[in-house]
Amino acid sequence: MANLVEIRNLSKTYTRGKQKVEVLHHVNLDIAEGDFLALMGPSGSGKTTLLNLIGGLDSPSEGTLSVGGQRIDQLGEGALAKWRSNHVGFIFQFYNLLPMLSAQKNVELPLLLTKLSAAQRKKNASIALQLVGLAERASHKPNELSGGQQQRVAIARAIVSDPQLLVCDEPTGDLDRQSAEDVLGLLQSLNRDHGKTIIMVTHDPKAAEHARHVLHLDKGTLVESAEVA
Amino acid sequence: MNLLINVITVVVVIAVIAVLVVVPIAVVGILALLLAVWMATTRTGRQAWSVTRVGIATIPQRLGSSSVIVVGIAGVVGVLVALLAMGEGFRQTLQQTGDADTAIIMRGGATAELSSGVSRDDFTLIAQEPGIVKDAKGKPVASPELVVVANLPKKSSGTDANVEIRGVGEQAFELRPNVKIAEGRSFKPGLRELVVGKGALAQFTGLSVGSKLNLANQQWDVVGVFTSGDAHESELWGDVETVSTTYRRTGYQSITVRLTSPEAIETLKAGIAADPRLKVDVKTTGDYYSAQSENLSKIIRIIGIVIGSIMGIGAVFGALNTMYAAVATRAREIATLRAIGFRGLPVVVSVLLETMLLALLGGILGAAVTWLIFNNYTVSTLGSNFSQVVFAFKVSPALIASGLKWALAIGFVGGVFPALRAARLPVTTALREL
Amino acid sequence: MKYFHLVWAALFRRKTRTLFTLLSVLAAFLLFGLLAAVRSTFDAPPSAAGVNRLVVSSRISIIQSLPQSLLQRIQSVPDVKDVAYANWFGGYYQDPKNQQQMFQIAINPGYLDVYPEIVLSADQRKAFESTRTGALIGEAAAKALNLKIGDKIPIKGAIFTNKSSGDTTWTFDIVGIFKASEAKMRGIENQLLFRWDYFNEGRGFGEGTVGWYIAQVDDPKHSEQVAAAIDAISANSDHETKTQTEEAFNLAFVKQLGDIGLIVGAIMAAVFFTLVLLTGNTMAQAVRERIPELAVLKTLGFSNASVLGLVLAESILLIVLGGTLGLLLAQVLLPALNAGSGGRMNFPPIGVSTWITGLVWMIGIGIVVGLLPALRGMRLRIVDALAGR
């Protein structure tokens, strides 16, 4: 399969006060289309930074990064925002739903950036909610849902505009075992049945078992790779 | 239970506002002193003080939202005090114009000099009545007067406004010792000469000493400026006989006399009533001028209170927002205090006290700004003789005191509900939540 | 418009806080509405539509009277349709405090033709013309002083002595009660109109003079030249006149009360300054709390401009909502105030121009208040905001 993500010589340096911290050192990585990759490593290893770079939330200090054949390291802030809305879905540890909106309206959010009509937005959001098994909870506010349910709503929001790439930062970090299993199962099925490429940061080996590949990061460099599935 | 507490709270709030509005500021001071004593001597009081101190110490961290209370209340107090100072200035100016030692005599039923008329014969008769002071030469100190209205352009707008020209008798200066020539000289009887009041000089164009005025198709010379510290300063004075002939009047409008004592008003009244030829009313000038200011100063007062109340309501909600937010950010700290055994009362007192201190600061700021800008700020309006009365805003200590009472009342309302919430905060949830 | 529900939801994220802020804004714009009404009363005293009247008064001063002989000569000025005359009286009924409840004016019968806003039945008009001591009273004054047709009312205290009574008491027979044709003209209902001829014969001095003339012109375009022509009649005499449109005359009178515009402006400046600070703080608080949520929106691909727009829209909506409610409340309160004052206060309703100025202020304040928080929301770095930094 072709590579969806191509990373060459990627470095990222932050300045915190007077200190310069190099979080990623010359990382090279290819991620195939349709892959489900788990990124593991101790905290501070740079895994979230790498994930943010791939997701287009941040720009690298050095090196090239292309996703789906497009060099996103060279995009400006505005172009990057537009690119994200078309190509990436995000899933966070703390779900990050908007508390004052219903599940349905939360899922519709990314569609506000498209040219879809209100009726179509509603329909697509319903389909996405159905896919994650929460159709009957559409009108509930986030605080009326359990953690697992909230994360599933977040997944529905991530896939509603049909991006090729899903970027997950500790998606099960705040969930009990059962809910975590449900969410991981859902991600697996999205990968297997809908062909989504998934990159997941986790420190939970059990979660990593659901991925096709696992990569370890330490002090900003990739240390080994292992086939899992 | 909750409903009962809420009802009691509302009743207490209303009672406190009522008390604050009614009692003099000294009582408020005594209450504050009692509070200080309570804080210094009792255990609960000391607890309250220490909680308050912590709250006040954290104000700099909440500078933005705390300043909402200060500036919000400064705005209310500033506008309120300014408006009341306007009414007070008008009232004082007119009230000072009259006193209990002089009396004004007008035709029976007349409410203002302009609607009065007194004949020359009346003047001769009245001057001989008992109770009137005699000067060194034995002449009664009485001034027959005639008011006419002239159109002159105002400095501020350039448009014509009415100015009062008062023809006075030769005893006028003896009668009103507060009237002093500040510049130039007095008019000479028989000549078309005028002295202008300081207020009129400031409000109208073309009144400086040496200028010429065209009144009733005759040329008049301005020969002097006088001060009096009262409503007469808005007038132009000339010889009553000259004014009378120029305006083709046959008689006078009023007679002002100096009484031998305030009690002599009764002697004078009795003497005049006994003479069937005289159909006139006698009033002290104090009563006469007070009545003239009554209407307008009442209206200004009502307007001030209405505007102040609406603004005050707005400020209360601002204060509520700020203090609810302050209680929310301090919820963990308050819960910790409660957990280690502090009772509810010190917490209530501390939040309330903090709000009222901020409110007081706002009140002082508002009153100070108003005092700086508006104290002695001079304006003019239409008085009862169809002509301009010049007066200055008076930001008196009493007005500042009532402004501060308003500030405290607003602070109290804005603080009491958040204070109760702080005290009722369930300890365990508050500790867990944050 | 598709973002509206986002703005609306954000606004009511903290209901109590939003409610309190709305009420503050409401109070400010209630005041704005009331003061605008006060100011417009003074800027443009109400006048009846379609009348083209000139007021001819003495150039020397308002209290100086004019000879009655001018009537013929004013009437003969080209383009003058009709001339009436009147005299100020200045007495009171029963109590000097009632003076402002009922202004008394002596008029010639033609006065009623020149003032079409005085609505009077034909019978009552006839009665007025046939009763020498007849008087017409405005409805508001009649109600306030509890007077009705057929009452004899003694008026005291005017400058004019009455030859028949020997003092200043004049007695009139009420033969009619008139109404104002338009609500905004209800101020005229605080008048007592009586016959100038009766007054002229009885008065102790100044016979044959009138206080002022009212000349009606056929076309407002001619006002200026007619005024000049009327003033030319008595130029260089001892009774020079000053002729101006009724509007100008009223405005000049009202201006003498003081610079109401300045006072109103100063109060509104204080109110709006306070309001900006107050709501600015609320918006800053609201945005501070919502930084992570705004970061999520940006993550999803919302542009900087849309985040800026969302926050600005929220603050504008907050002010417009509260402000509109405040102006509506003022709109309801003003007629109630007018009614409650028994015709003594006569504030015009809140007009289109006040609404437009009000809305401009609301949007302007909304922008000022929302701009800093909105910029803060726009500039947030997603990575930092998501990490809670």
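Residue numbering begins at 1 within each chain, and the chains themselves are lettered A, B and C in the order written.
The criterion applied here is as follows: a contact is a pair of C-beta atoms (placed from the backbone, for glycine too) under 8 Å apart; a residue touches a chain by one contact, two chains touch by 3 or more.
As the structure is a prediction and not an experimental result, all values here were calculated from the model.
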Chain-level touch network, classified as line, ring, star, complete or other: line
Identity of the chain that, by mean CA position, is farthest from subunit C: A
Closest chain to global C-alpha mean, per-chain Cα centroids: C
Gap in Å, rounded to a whole number, between the CA centres of subunit C and subunit B: 26
For subunit A paired with subunit B, centre-to-centre distance based on mean C-alpha positions, whole Å: 70
Euclidean distance of C-alpha centroids - subunit A vs subunit C, Å: 64
Residues of subunit B whose C-beta touches two or more other chains: none
For the subunit C and subunit A complex, residues of the former touching the latter: 2-3, 5-6, 9-10, 12-13, 292-293, 296-304, 382-383, 386
Interfacial residue positions of subunit C with respect to subunit B in the complex: 16-17, 20-21, 23-28, 30-31, 34-35, 59-64, 90-92, 96, 99-100, 156-159, 161, 167-169, 205, 238, 240, 252, 255-259, 266-267, 270-271, 273-275, 277-278, 281-282, 284-285
Residues of subunit B touching subunit C in the complex: 64-65, 67-68, 71-72, 74-76, 78-79, 82-83, 107-112, 114-117, 148-151, 156-157, 159-162, 215-217, 247, 250, 279, 291, 295, 307, 310-311, 313-315, 317-318, 320-322, 324-325, 379-382, 386, 388
Touch list for subunit A against partner subunit C, complex: 52, 55, 57-58, 77-78, 81-86, 90, 92, 96, 98-101, 105, 109-110, 112-113, 118, 157
